[in-house]
Amino acid sequence: MNYSYYPGCTLKTKAQGLEACAFKSAQVLGVNLVEQEEWQCCGAVYPLAADEIGTKLASVRSLVAARTKGEKLVTLCAACHQVIKRVNHDMKTKEDMREKVNNYLQLKEDYQGESEVIHYLELLRDEVGFESLAKKVKVSLAGRKVAAYYGCLLLRPREIMDFDDPERPTILEKFLESLGASPVNYPYRTECCGGYLSIEREEVVEKMVNKIIDSALQQGAEEIVTACPLCKYNLENSSLCQKGEIVVSYFTELLAESLQVKEG
Amino acid sequence: MSVIASDAVIKKEAGFEPLIVAFCCNWCSYAGADLAGTSRLNYPANIKIIRVPCSCRVNANFVLRAFQRGADGVIIAGCHPGDCHYMTGNYYTRRRMSLLKNLLEFIGIEEARFKIDWISASEGNKFAEVMNDVLAKVHQLGPNRKLRDSRWRR
Amino acid sequence: MLREKITPDTTKKEIGQISEISDEKILDCLQCGKCTAGCPAIHGMDIMPHQVIRLLQLGQVDKLLASTTIWGCAACFTCLSRCPRKVDLSKIMEALRLIVLRTKGNQRLEIDKVPELLAKQIPQQAIVSGFRKYVK
Amino acid sequence: MQRVGVFICWCGTNISSTVNIEQVVAALENIPGVVYIKDYQYMCSEIGQNLVKDAIKEQNINRVVVASCSPRMHEATFRKAAAAAGLNPYLVEIANIREHCSWVHKDKEAATQKAISLTRAAVAKAILNEQLIPGEVGVEKRALVIGGGIAGIQTALDIAEAGYQVDLVEKTPSIGGKMAQLDKTFPTLDCSACILTPKMVDLALNSKINLYSYSEVTEVNGFVGNFEVTINQKARSIEMEKCTGCGICLAKCPAKKALSEFEEGLAKRAAIYTPFPQAVPNVPVIDRETCIKFVTGKCGLCAKLCPTGAIDYEQKDQIVNQKYGVIIVATGYDLINLDRFGEYQYLDHPDIITGLEFERLVNAAGPTGGKLVRPSDQKQPKKVVFIQCVGSRDKSERGKAYCSKICCMYTAKHAMLLRDKYPDCEAYVFYIDVRTAGKGFEEFQRRAVENYGVNYIKGMVGKIFPGDNQLQVNGVDALSGELLQLEADLVVLAAATQAKPEADEVARMLSISIDRDRFFTEAHPKLRPVETHCAGIYLAGACQGPKDIPETVAQASAAATKAIGVLSKNKLVNNPCVAKVEQAVCSGCLACIKICPYEAITEQVIEEKTRGKVRLRRVAEVNETLCQGCGGCTVACRPGAIDLKGFSNQQILAEVDAICR
């Protein structure tokens, strides 16, 4: 099955591992991810101001391209997912914005939020299925105590992201189980890592991430997986991580490892 | 807020004051209108309510007569489907009036002039909203001339 | 302690701007404090999230524009997802930030700082976010 | 010749401040037929009513139009006044110039014009009004009470006390409802069971009351005075007459894995069980889903042990058909599901419980014998955090926008009981507002703070982080702006109350309405609080909205009084606004029969003489006692032979014409 794939800025630079592993795994799973030809940076944060429209156009262009191809739009970076999914929701529900955007873009056919945006994890859950994923695992991760760290952007706001329960999500745990690993349940798995605050306020972020890692360690976690490059950066930048208490990796890295496609 | 806003819009375009006749069932919509009153939810005075025991009491003739005599819009409001005080009355309304809607469309009466809606006794808000909405749309359409009896001057 | 004068039109313009930019209803808030209680970034704030709305209800925008709170919000939407009144505080924070940023000379991130950030291995995503959140 | 008198009410200033009364009077003077106009400050007052009566007598008017508030408010008042002056009450018409005019319009000129238009329409209709004489129907002198909580029990006892037969239908195996689960009651702290169980016993012993426990109402037809009801008595698998309630079966049953509903899942129960020891009736029921006999076919121990041979595995559901004059709905409430409040960890940690679970944990008859211990390790807690408004006053998708009303008081009660029993245990209450409107309520809550040292914190809890041994509660004190972190042993959530999930179904069955929160709607929020819009059906207790026990009991007695009012009559007056067939015009197609939901229209063969020959012809006929006057048939009638009295085609057309003038 073919999917339009939206990479985003970080996956082409700092987070190449997240993307490479996702691609290799997809091949094994029979999923054909086709990178969009002329994607533009989504802007990394969803513009929260109601009067901002220009900053949402890049997402709409990708959404329109996916509509043209008749494919679902798959994202991998949690930030891109949030931005594109929310812009799509706006195009579906906000008449005023829809009108302005369509007036500006002058498409052949007005865009009204027809495309479907799914995250790679949702692709694994809903299209591939965790059960059939489990059957394709070559190297089981049995015995590995992995703490899933969700962050914010995939989960909230609940009504728009429609990803999982924002307070008690299970998708990453189920994903880990299908790879044979033992997910560690810890209460800080949905707490924010500080996100972009690391630009101006490292001291605030430091406190936030240490609480998360501390909570995971207390529950016996040996490693953390995440879906967001910025979460990974913030977690790794923490004093606990710098001391080598725990390692952080992308969920796709574990996926590729268990499917034995990580190297080469 | 929307209530006040639409009031303002209507005042701007002076000259045309639409007349809208609303048939409201005694048990739900009339009570809903009463609740809009007790909650002081504004809607324009152009809407005049006629009480009927059930929305299924409304004959297509009544609607046509209203248009003929110069009404610019007609609303029929009943209990929500399944909530009819007379068990099944509003189901009849729904079927009958969708036929009438087709007829009106066929003879060139704009769709927005004839509205069927379900408003319960607890939906004073909805009552005011529906009234404002219909009035705003009818206002845009201008006076109803299609069915109006020319001898009948308002 | 200074007594605050509350007059209906002191900061009317900003309050109007905030409702317009955020599209949120300030009066929906019951002051339950759930946003503050659950805020993960609270230790970087001088005014608590629920107090932000209270000050807006009282028309005191100036204090907020000068606060560290608006720059300490990470837009994680935890408050929104738990708010019993469905107030999206992150949008109100954004509106407050924008009122500052849209005024000339108030940019918080210089282009010159980028190489320094890149040297820290910070992901591009954060830098782009920075330009969205701290510059207009 | 119709002589119309028009009476315009100012309603104090409610109408006159928006509607220019003088202008209305002037406009009406020119309408043909109007011979008398009078305006007065309070037309519904005695003086106002006398104005109407006098005019009927002295001015010889034979049609009355009152321009005032909604007919749903005072139509009956003015009809009565007209009748007292010798005028047929159905010659009175009301123009609603308050709810539909002065209260919703700000522009005085527009409102005045509308008032004129509405009054003109009422005059046009009144001129065509005819004298109507209501028919009479008999009353079945038996009441049906649906729901056996404190509301249903009180209603049933009150009606029985007045000497009428009552059937009480309860869905679960025993009556008692939520009140039976409570430990103490606010604001007096008397024991709930001590005041409830005597009432339950009274009910069981009352010869006028017939109890259908473990039963459900499945169908309701008919109308006030004559409801036809179908009740399904679910198979108990026990013969009620034979069972002595000895309890051997309960003790010996080997299947003891099911969670006790009565103990809120905090204890296990057998597959054959009575919900609690004081159950009424004290007859067990077999839960066929967990009973080994029903699941595997092997066991049958209870049947072997039963000294009276009361166990009957073959028992089937039984259908009872019964007629009732009135129905009282007392189906109660539930607590909301806390699935979507993940931040409180209710589903994930045993030491986070609801208020109702707390009641069981401190109840001497509860699973711990009244010793408050943590469900996780059976240790006595040293610090308990109570959180109010969990889902109440919450307009998001996961909560309820309304105030659940009882939580402030029961939380104060819980904290007080806790501090009383375990003075070394700390109690903290997070609240948004403390609402204590009720007799003795404020004093009660203050006692919790001042005498019992309960720590009240205005603020909410963001999230609970379960630790190794304790629960880390992250909250805020919104008044001081202090962030708080409490290491609690037990957290009690005041979960919002909500309407029963089956409320929609009950409403549909009874044709009564429900509000947006799915509570049943009363006929008038102030003046008819226990009636529904369906005559003869009344509401008692929390099925109408959140209520505490005193309010529930008051409403239950009120509902009983209303019911007794109907039952005490031998005949009920019918609504005379019913359909009638002009048989000369009727073509005998009988399309109307299919439309009528009440089977009020029947086929009749009449003899007709045409050109000297006698011919038989088929026509429709309306049974006036069955017809409820919806008017659906009038529209279905192709030749236009059926009309509705009081809302005739001519009348409605006249109204349309008057409005469109």
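Chains: A, B, C and D, in written order; residue numbering restarts at 1 for each.
What we mean here is this: contacts are C-beta pairs under 8 Å (C-beta built on N, C-alpha and C of every residue); 3 or more make two chains touch, one makes a residue touch a chain.
This structure is a prediction, so every number in the text was calculated from the model and none was measured.
**Q** Using the touch definition from the top, list the chains contacting both chain A and chain B.
**A** D
**Q** I want to compare two interfaces, B-D and A-D. Which one has more contacting C-beta pairs?
**A** Answer to which pair has more contacts is B-D.
**Q** Cα centroid separation between chain B and chain D, in whole Å?
**A** Result: the chain centres lie 30 Å from each other.
**Q** For chain A and chain D, let me know how many angstrom lie between their CA-based centres, rounded off.
**A** The separation of the two C-alpha centroids amounts to 49 Å.
**Q** Once you find the CA centre of chain B and the CA centre of chain C, what distance in Å lies between them?
**A** Between these chains, centre-to-centre, one finds 45 Å.
**Q** Counting only Cα atoms for the centres, state how far chain A is from chain C in Å.
**A** Inter-chain centre distance comes to 25 Å.
**Q** Could you pull out the residues of chain A that touch at least 2 other chains?
**A** As it turns out, chain A has residues touching two or more other chains at 158, 166-167.
**Q** Going through chain D residue by residue, note those that touch at least 2 other chains and give them in order.
**A** Counting only residues that touch two or more other chains, chain D contributes 343, 463.
**Q** Out of chain C, which residues touch more than one other chain, so two or more?
**A** 78, in rising order.
**Q** Taking chains as nodes and touches as edges, what kind of graph is this: line, ring, star, complete or other?
**A** Contact pattern: none of line, ring, star or complete.
**Q** Just spell out which pairs of chains touch, all of them.
**A** A-C, A-D, B-D, C-D
**Q** List the residues on chain B that touch chain D in their complex, please.
**A** 7, 19, 21, 26-28, 30-31, 33-34, 36-38, 40-46, 48-54, 56-62, 65-66, 69-71, 79, 82-89, 92, 96, 120-123, 128, 152, 154
**Q** Write out the stretch or stretches of chain C touching chain D in their complex.
**A** For this pair, the touching residues of chain C are 28, 30-39, 42, 48, 50-51, 78, 82-86.
**Q** Which residues, counting only chain D, touch chain B once they are in their complex?
**A** Residue positions touching the partner: 70-73, 96, 98-101, 103-107, 110-111, 113-114, 117-118, 121, 507-508, 511, 513-516, 521, 533-534, 577, 595, 597, 628-632, 634-636, 644, 647, 649, 652-653, 655-657, 659-661.
**Q** If you look only at chain D, which of its residues touch chain C in the complex?
**A** Its residues touching chain C are 343, 389, 393-396, 399, 432-433, 458-463, 474-478, 481, 483-484.
**Q** Going by the contact rule set out above, which residues of chain D touch chain A in the complex?
**A** For chain D paired with chain A, touching residues are 340-343, 345, 347-348, 397, 463-466, 468.
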